[in-house]
C-alpha cells in the first residue's frame, strides 16, 4: 500500500525526520510518500499558525497526482484532518489521535510532552474533541520551539526526559506520548530513562493507518464528514499546476 | 468606536445582511465596518470550508488599514477567532459564543437552529470547546444550505419556526439561538410564533463587543493567545496590496 | 433605560461602592437605581447567609414602585436570580455569570479571586449550574471577609494581586474575574500588576444588561422560569408599605 | 433518638402525610418530631418559592426548643439543607439526596417522577450539585401541582404509574424515586404496577439519618459548611417567641 | 434480620475485624453472618486479585444454606457486587458505595484514604462507575499493603492520619472515607486527630443495608441486573458440598 | 509474531469463528493461536458471567506454554484485560477498546450494536472507563443471545442491519462497531446495507495488537498495572497440568 505522510509545516528537515520515523514503523509492503506544504509557517505553534497549516496541508494533498491508500497528518495538535476526511475517500489519521490511542492501550492514564507552553491548551482542546481526554493525566511542555527541538536533539532529550519523569511522578501517568512530530530516536531514550512506555506519534499514525487499510475501512461519508457541496471557492487551490 | 464585522464567506449579499443586523444592534456612537474575505468559499458548511474560511477571514482582517476597536467574526460555528485573537490587541468576538452567552442569560437551557445537518456536529464541538455546551438542549438543522437561506427568507422562516418549536417542545429549550449569520428579521418572526426569546447572533456579537470596548477589556496575551513568534510563512499574506 | 442594581446585603457602604462601579460602566442614557435590602445579613459569605440574601433581595425588588428595564443582582456567588426571573418580565442578570462570560471572551481559561475560603465551594457550584465551569482554571480566596475588604482596600489589593498572580502562574489562568462586588478600583490595579485582563463583575453585569435591553431580549417564560402559580404565601412580602 | 422531620411548605396536611411516612420508616426507638414552617408558600414549585421555603424552614428549625439528634428536610428538590448544615451540629439530610442514594443501591440507573413540569430543571440541578446525576436516566413530571396531588391520590397514582412505566421502557431506568414528599402509599402501588423498586424519599431520609446518628457521624465543620461568622442580620429570625 | 457480611479475601483475621466493625454498627435485632471465601487471594490489591476475589465471594455466597435478608460485600474498591445482585433477590451493598454515600451527606467533598498506591486507579474507576466521583476531592494511599495494615494498627494509624490531614489541607476534602475494610478503631482516631468526620465503610454498609431491608426495598430485576439465563457453566460452582 | 486470541466463553464454535476473523485480519507473518477457557459459562451476557469469564480467561492464558508476543481478549464488553495486563509483559488488547478506537478514526461518532439488552449497561460502563464514551452515539441491542447469534447468522444479520440503520438515522452515528465477537461476515453485510463503515472488533484487536508489537510497545508496569505482589491464592490456578 502507499501511505502519504504529510508534514504540516514547510520545513523540509522536519519532513525528512518524519519520513524516517514513518519508514521505521511501516510494514515491508508499505510505501511512504512524504509531502511538505508549499504554503504556511516554518513550524506550527499556536492557533494562527494552525489555521494556516490546515489550509497548507489540504492544498498540498489535493495536488498529489498518484493514487494513495491513506493519509497520515503528521502535526501534533491537529491540523486539517476533518477537512481532509471530507475530501478524500481513504483513511485520514491525525497523529495526535493515533499516538494517544496507543498510549491508552498501554496504561491507565497517559501524559503528553510537547514543545512550547503556548500549545498546551490547543492540544488539550484537540484531545477533548477527539473524546480522548478522559485518561489524560497531563499535557506538559519543555518550553522549546519546534525549530529548536529540530536543531538540538541532545538538549531536547534531557528536557523531555525531565518532563516525562514529572508526568509519571506527580501526575500519575503510566505512559507518555511525545507531543511533537519528527523527534527521531527520542522515544527510545525517554523510555529507557523514565521506565514507562513512550509512544512516538508518527509511528503510531502509520501503524493505525496500515490497520485501517488492511481491514478495508474507509471514513464515514454521512453527516459531519460528508463530501462538501460544489460551490465557488475564491483563490483555491492555492497551488495550480 | 469602530467595530469591524467580518463575514467569513465571499458572498457580498451575506455581508450586506450581516451589516444590516450589526447596525440595528450597534449604539449611536458605534461605526460598523463590514468586510468580506477575498479568499475562500461562497458559504461555509463543514470542516473543509471552515478551514479555508478561517484563513480567508484572517487574511482580510490583517489587510485593514484604518484603526479599529474590536472585531466580530460573523460566522456561526467558529472560524479563525483564536488565531485572530493572537494577532490583534483588540477584542475578537465569535458570534457563536456571543449568541449562546446571551441565550444562557435568558433561560435555563437553549437550542441552536442552523442550516444544513452537516454543520450540527461542528457547532456542537465549537460549543464544547467554548465551555458553553452544559446548558445546550439541542442543535437542530432545517436541512437548507446557507445560500438557499439567503435566497428564500419566507420559506426558511417556516422551517426555522418548525425546528424551534420542536426544540422547545421535545428538547426542553427555553431559548433559541439562530445558528447562522445574516438571517435579517427572522429572530422576531420566530420569537413571535414560537413564544420564546430568540437570539440573533450577529446582534449579540456587536452588543458584547461594545461592552468589552466600553469596559476597556482586551484579550489575554499570555498562554494560548500570546502573540506568535516571528517566523517564515510561505505564501502569506494571500492578498498583498 | 433604567437599570436596578441590587446589593444583596444590608450594608449601605457596599451599595454605594456597587453604585459607583455601575455608573462607571453604564452608557450615557442609562439610569442606575441602586437598592439595598432591608432584610438579611450585613454581608453574605456562605449558604445560610445566601439563603437569607436571596429572600432579602427579592423582597426589596418587588417593593420598587417605579418602572425599570432590567435588574442586576450584585452579589458574587448567586443569590435569588432564578426566583427573580420568574417574577419579573425584564432581564435579570447575576454578576457571577456576567463576569465569567466576559472573562471567557478574553482568554482560554479564567480564575475567580474571592474573599473568604468558605465561599469557594459555593462559587464553584454556581459556575457549574451556570454551565460556565468548563474553562475555570481555579477559584481562589484571599482569606478576608467582605466587610474587611470594604474597610481596607489597600491591603486587600495586595492580597488579590498575590492570588491572581498564582492563578496565572500555577493554575494557567489567562484572565481573572474578581469574585466580590464593590471592590472599586481594584480591577485596574490587579490588571496592571499581574498583566492579564481583570473583569470587575458589576461592570460586566451592567454591560450585558444594557445589551439585553438594547436587543429587546426578555427572559424565557416557559419551563423553569415560568411565572409562579398564585397561592398563599404566609408572611410575604416581608416589607409592607 | 429524636429526628425532626421538616415539611418545607406551610400546609399542615402535607406535614401530616410526611409524618406518617416517617413513622413507617423509623425504628422502634426513634421519635419523629414533625414541624411546619410559619413563613413561606403553601407548596413549593419553582425557584421563587424555593428561595422562600429555604428561609421558612431554617426559621422554623432554629425555633425548636427541645434537643434533637438529626434533621430531615422533607422537600424534594432541595431547600435550605446547606444553610441548616452550617447552623446545626447534627446530621441534616435532604430527602432528594437520600432517595436517590438508595435508588442507586438498587439498580444501574434511576428516574425521578415529580409533580409539575416546571420543577424538572430544578431537580436536575439539585442532583447535579449533589453529584448524583451520573446514573439518572430521566426526571419526569405528571403535570399536577403538589396541592392537587395531595387532594386526589387515586388519580395521581395512575399518572405516576404511567410516567414511571415510561421511565423504565423509554429511558432505561431500573429504579424509580418519587420526586415529591407526602405521597403516602404510592410507592407500593407504583412498585406493584410497574415492577421495579420504588423509593419513597421521606422514608429514605429517615433511614439514612438513623444510620448517621447510630454511627455517631456529624457534618463537617470545615470549609463550605463551617459555622457562619457572627454578624448583624436585619429582621432575623422571622419568628420571635 | 440476618445480614451476611462477606470478606472478599481468604484471611480469617480480616473477616474477624470486619465482623467486629459490622457488629458495632448493627441494630439490636440484626444478626451478622460473616463469611470468608475459600477461593482467591489472601488480600486484594489490584485488578488480577480483584477478578479472583469477585469469583471467590460469589462462590462462597451461593453456598450459604440458611436464609438471609441482605448482603454486604466488604472489600473496598468493588468486587462482585453486580454479579451477586443478578443472582440474589435481596439487597447487595458494596462498602465502597455505602461509605462514600454517607461521606457525601456530611460535607461538600470527600477523600478516600486507602492502602497501596496501586489500588488508587481502581478505586477511582469504581467511584466513577458508581456515579459518585463528582464530589471526590482525592484518593490517597499510605503505601502499605492490606496485610501490613492488619498487623501493625498503630503505625498505620499515623500514616492514615497524615494522608487524611493532607486530603483536608491540600485537596479541600471536608470528610474522609477509609478505603479499606477491617481497620477497627481507626475511624475514631483519624476523626479526633484530623478534625473532620471519618466514615468507616463496613459500618456504613451495614447501616445502609439495614435501611434497605427495613424499607422492604429489593434490587431491580430488569435490565442490567436481571437474572442470568440458564446455561452451562464449566467448573462452577468451585465449591461443591 | 505469535498472537494469542482468547475466546472468553467455553463454546468451541465461537472460538472457531473468532479464529477465522483473526486470520482474516492478521498479516502474513502473524501466527494466531486461538484458546478457549475450560472454566466459565458457554456465553457471557451480564455481570455474573463476566466475573466468571474474567477468571476463566486468565486461568487459560497462564497455562499457555509456548511463548507469544501479544494477547487479544475477544469478548466484547471487557473481561479480565486489566488483570492480564498485570500478569503479562506483552500487549493485552481488549476488542471493545480496539473496535471503538478504529471507529473513532472513521467518523465523528459511533454506535455499538450488541446481542441482548442486558449487556448494554455493561458495555456503556466499559466504554466510560476506557475513556471512549465521549463520541458514543448509542449502544443498541438486537435482543438475541450470543448463542442464538451463533446459530442463525442470516436472521441475526437482518436484526443487526435494522439496529445499525436506526443508530445512523436516529442517534446520528457515522460508524458502527459490532458489539459481539465471532459474527463472521456480518461487518461486510451491514456496511453494504446501511452505508456506513462497520468495524468488526476481533479484526480491530488483531490489527492494533500487531501495531503494538511492531512498534515494540509493552504495557506500563508502574501504578495500576504493576505486577501483583507474591501472596497465597487459594485454589489457584484452577487448571493444573
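Labels A, B, C, D, E and F are assigned to the chains in the order they are written; within every chain, residues are numbered from 1.
One rule holds in what follows: contacts are C-beta pairs under 8 Å (C-beta built on N, C-alpha and C of every residue); 3 or more make two chains touch, one makes a residue touch a chain.
Since this is a predicted model, take the numbers as computed values, not measurements.
In terms of residue-numbered contacts, D-E and B-C present the same interface, as over half of their contact pairs agree; the other options in A-B, B-C or E-F do not.
With chains reduced to the mean position of their C-alpha atoms, the one farthest from subunit B is E.
Each chain gets one centre point, the mean of its Cα atoms, and the points for subunit A and subunit E are 44 Å apart.
Computed from the mean C-alpha positions, the centre of subunit A lies at a distance of 28 Å from the centre of subunit F. For subunit C, the set of residues touching two or more other chains reads 108, 120-121, 172, 223-225. Across the complex, subunit D meets subunit C through its residues 10, 37-43, 45-52, 54-56, 58, 80, 82-87, 117-118, 120-122, 125, 128-129, 145, 147, 223-226, 228-229, 231-236, 238. Across the complex, subunit F is touched by residues 25, 27, 91, 93, 97-98, 101-102, 104-108, 128, 130-135, 168, 172, 174-175, 195-197, 199-200, 203-204, 207-208, 210-212, 214-215, 217-225 of subunit A.
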